[in-house]
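The structures come next, written out as structure tokens.
Look for chain A in each of the two complexes below; its partner is chain B in the first and chain C in the second.
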Partner chain A sequence: MSKVKSKPKTKPAKALAKSLLTFKPRIVSFCCHYCSYGAADLAGTSKMSYPINVEIIRVPCSGRVDPLHVLRAFKEGADGVMITGCLKDQCHFVSGNIYAEKRMQKLAKELEAIGLGGRLVFELMSAGMASKWVETASSFYDQILKLGPNPLKRVKTGVKSE
Partner chain B sequence: MTVRIATMGMAGCSGCHIALLDTGVELLNLLKDVELVYSYPIVDAKNPIPPNIDVALIEGSIRTNHDKEMAKAMRKQAKFVIAFGACSAHGGVNGLANTFDAQEGVEYVYHKTLLMAQKQVPSEHVPQILPENLRLSDVVKVDFIIPGCPPHPDEIAQIITTLLAGETPKLSSKSICDECPLERLTEPPKQLRRIHEIPEQGICLLSQGFLCMGPATRAGCGAECTRRLMPCTGCRGPSETVWDQGIVMLDALAAMEKDEITNFKLSRLAGTFARYTYASSKLDNLRKGLKKK
Partner chain C sequence: MTNEDPRIGVFVCKCGTNIAKVVDVPEVAEYAKSLPNVVYAGWQIFTCSEEGQNIIKRHIKKHKLSRVIVASCSPKLHEPTFRRTVMEAGINPFYFEMVNIREQVSWAHMKQKDEYAEATEKAKDLVRAGVYRAARLESIGATTQKVPPVCMVIGAGIAGIAATTLLADNGYEVHLVERSPALGGKSAQLGFVFMTDTCGVCVPPRHGEMARKCLSKRVILNDPKIHVYTQTEVKQFSGYIGNFQARLHSQPRGVDIETCTLCGKCMEVCPVEVPNEHDFGLANRKAVYYPFPQAVPRAPVIDFDSCTKCGKCEHACPVNAINLDEKFKEADITVGTVIVATGFDVFKPEGLYGYGEYPNVITQLMLARILDPMSPTDGQLLRISDRKLPKRVGMIQCVGSRDPNYYSHCSRVCCQVAMKHAVYIKEHWPETEVTIFYKDIRLQGKEYERYYLDAQRLGVKFYRADIAEVEEDSGKSLKLTVDHHNGTKESFPVDLLVLSAAMIPAKGAKELARTLNLEVDLDGFFREYHLKLAPVDTTTDGIYLAGACSSPRDIAEASFMGAAAASHAAIPMSKGEVEVDLAKSIVDESLCIGCANCYAVCPYSAIYMEGGVAKVIEVACKGCGICVVECPAEAIQLRHYRDKQIFYQIEGLLANVGASKK
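This part shows the complex of A and B:
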């Protein structure tokens, strides 16, 4: 019995170890058009370096990001989701960023309960704060590196490697 | 020609069957054209299920492998299967069990609760518990749902009469707020209020700070609860335009909460916002994916 049990266990473990060695987190970053996309743009033009796997999606306002977008990203295998909006009282649409912050705080709690804790981050910054954007992106990247791959993705790669 | 109807109960409280009896005079009128061929509160038969059933009303969620087999057996015999009530349609209150591990739950019930004298999990002559609480449509094809916990007697009677006339019944696609007579204020509430506090007459409960699930819930019950100043708990499941009852409500609350509600302290929102729909929510689907190995 123990032999039968141990055999299939080693395979995913090996696959896991392998995937951890070659693990490159995929981070989906929703940037609002008026502030944080500007910050990311400025980071690019001033030649600051940030992790290559942070993929930016431009949205009109951080308030546009529906929890559905976040859940979908995780379902499709994103290791982390980063949402950035304008500073408080500086939102182009008056209060979209505050709505987004409240919403994402609540969603983060729910995600933690199902086992995706620490994979969602929300930050506020202005268009001139390129260094803050880079700092947020790289610290979040490190955090995801520690957490390991998205459990949903690990399932898929484990099945494929067998 | 009489129409052969069967009813069946899974993991549920039989409340939907009581609601069926509660149709009263309507039921007597219906019984002229209807033959009740199989019904677990009345008939003491388990399997075999009689053949050629026209309409099957299945109550309760799928919790054990016995439930699963019975649902499949019923589907084979029935032409039209209706998920009867919130448990069957959306997973129901039972669906909140999905926030825990099934075996842990069994251990808890048989070892830690005071009433269990034996202190051991029964293994003989009982069906095996499934790791997840499933709704009916996860197991078999469902033709129609009657939502509600329990469904409204008038609605049950109306749906059955529509079916007898050979037409397809329709559920309302609006939300509870469209039926609710209370007046909505533009000002968001300053504080959340608990259910035991007494609300003001004629003003929207959500505006007063009560967690009312009306905006995300399917209409059709006539807003019976909010009319009597009782906050909606969302037993009728999401309305057609709502993709996930719990998270849409969370969204709505975030928009309402612009000016800092100071006493908002809920550790988890699932029990309040997805009380009847957790087993069919997007969040739970994601969790099921995480759990599979």
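This part shows the complex of A and C:
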């Protein structure tokens, strides 16, 4: 199974420790309509809990997710971005997930270089794999909790796009 | 996009208590009123009800809404419903946006009881994202694509033939493509088949004329609407509904079907003898042979793998029907729809229960050949090693099925098959003892219980057991050891052991899935669009599934699934055209630099280059958006999922970051 997880590089400074106690990461999750959105739906239908602040944006295919979308989410203050697609060889659009994986692998490296390492995750699952969706969302949430808030958040106030 | 003052209406749904139990719905609706461009927001108990939809329509008129948002369940459920609702009120369906606050909020967080306030905040976030996105949506129209009344059916087994004959009877032209040299699929090997115990070769039906229409009567070959291609596979495939293009690759038969008079002289003189695969080597055949006695098309076929090209048959043939130098043939066809009916294979249980090691361990399909009156054994029960009547026959169920090490599915027919064979053996050779070792007996539906009762009446023994070991003794008989999982073991001697091996996807199904761009499930069967709501449809419009290629099925099921696929394929063909919405990729030619990146990544060949710019074949485009990300000039966009629309949705979702307490 493919995993794009750049290793967390920096640890939150001690000074921030207090504010971190109240830190609730905001996570934007791009789900492909055919598989991972279905997995998230099934997680809901099965009443499986996952962190509330994981919020979904539906796209037709993980191959539609542009690195620019991820960057925009970070710019707007997302603490983490989660991209999920269909299993290999099972992409509804044949190869969208393969392109998505390549793009996100590349992006993960670039994010690391600008201090956003570890804030992007890419996972593949079928529409029936609700537990995988919940696991991915929960463990990624924990990972972001350890990383602390997105540093760009401080910049955001007052900065509006377009 | 010119969106002067979009007027957005937000309808938040309680879904009875499904949403309202967790999310404070009136609060979400109240909040929505504060969002940009929202001119109306309210809540309902069941938005999807007739009444709820009428309320939406009333508010559209009253507030002159130009965009509608429903915050309720998953769009996978009711997006089509509400798109229709807004359309009826005169709004373009793509001006409708659905926000999922049930599966993603109330249900997902139902168990986090002390966090319901936060769940309400999440619902607000999602509604806000929807509002931002809705303001940027665009009106999208539809186009039509002509669908010619021509269908390609791949696979000439029960399902394929049922579909073919039905379509032809309804006046459609059918190209029937079969990989093997004869029609009939696996049913031709079955001998007699349940539930009627009739001849397997005669099964493929045409309403009510079973006997006369059986395969050996050549109805399919004589029908002017049906083009049969044997020894043929689909080599290349492209296109879209109404315009599928297939390249068919046919192996040489060596014998001309039209000139051959069936005199059989070629088979007399042929010096080569090899085991006959149809009968699992129970007898030999020549290199020029009939695949089986009633095989259709009714002409011998040359097996060029074993043929030595000695030329004797060519000399012997009185009508010069034989051509040993025949080459493969290729044909290009264009069809409107496709039915995939490639059937199944029987799992080869190599290494299990002594199969492949001991001669007297066989599969049910081979037993079917032995018991078939048309087989080389003349239907006499015998065991392989000494060709004598076995006194004790053992059958093991679920070999390879329901087994996490092999295939997880139940093959569904094995219980019936074992029961049918057990009854047949007891009826004809009452002295022979038959024992069935099973995990569960699964015989459902009309008529099948009768086999079970008959088996019990005739003294077939049933033994629920886990077979630990199979050993061969000096007389080539077998000793089965049953592990009772309590420290004790028990032995059963049998003379012939029959394994009920799993039904698995046909060989080459994976390659075909890639050629036709079909989805497969974890066991390798083709995946239907929806198991219950669209069981013969695939995710590609115009391609349908029939028979055991999508799941293990029995003959009756394969037969009516063939009919179902035919009726589905007939819908676009009888209308003559399909409506295709244009939520597809679109190129801004003034920005396109002609780099062809989009052309290179499109999985559907929906993009072509012309005059230095990319062009999209809208009917072929499936709307995945892979191309959009590749474009360095931002010239190509996917309508309904434009970059702008996604950016604003992200912005809306995160608009409260840093701004509020959250």
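Note that the second predicted complex is superposed on the first by the 135 of 162 C-alpha atoms of A that agree within 3 Å, B and C clash if a C-alpha of one lies under 4 Å from a C-alpha of the other, contacts with A are read in each partner's own complex, and residues count from 1 in each chain.
In this text, contacts are C-beta pairs under 8 Å (C-beta built on N, C-alpha and C of every residue); 3 or more make two chains touch, one makes a residue touch a chain.
All values derive from a computational prediction rather than experimental measurement.
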Chain B versus chain C as contact partner of A:Asp142, first or second or both or neither
neither
Quick one: is A:Lys153 in contact with chain B, with chain C, with both, or with neither? Answer first, second, both or neither.
second
May I ask you to decide whether A:Ala113 touches chain B, chain C, both, or neither, giving the answer as first, second, both or neither?
first
Using the superposition on chain A described above, determine whether A:Asp66 touches chain B (first), chain C (second), both, or neither.
both
With the two complexes superposed on chain A, say which partner A:Val28 touches: chain B (first), chain C (second), both, or neither.
second
Of the two partners chain B and chain C, more of chain A gets touched by chain C
So, does A:Gly96 touch the first partner chain B, the second partner chain C, both, or neither?
second
Return the residues of chain A at which the contacts from chain B and from chain C coincide.
66-68, 95, 99, 103
Spell out the part of chain A that touches chain C in their complex, as residue ranges.
24, 26, 28, 33-34, 37-38, 40-41, 43-45, 47-50, 52-53, 55-61, 63-69, 72-73, 76-78, 89-90, 92-96, 99, 103, 153-154, 156-157, 161-162
Sites on chain C touched by chain A in the complex
74-76, 100, 102-105, 107-112, 115, 118-119, 122, 125-126, 129, 517, 519-520, 539, 601, 603-604, 622-626, 628-630, 638, 641, 643, 646-647, 649-651, 653-655, 657-659, 662
Contact footprint of chain B on chain A as seen in their complex
12, 66-68, 71, 74-75, 95, 98-99, 102-103, 106-107, 109-110, 113-116, 151-152, 155, 158
Taking the touch rule as given, give the residues of chain B at its contact with chain A in the complex, in rising order.
99, 243-244, 247, 250-251, 253-255, 257-258, 267-270, 282-284, 286-287, 289-290, 292-293
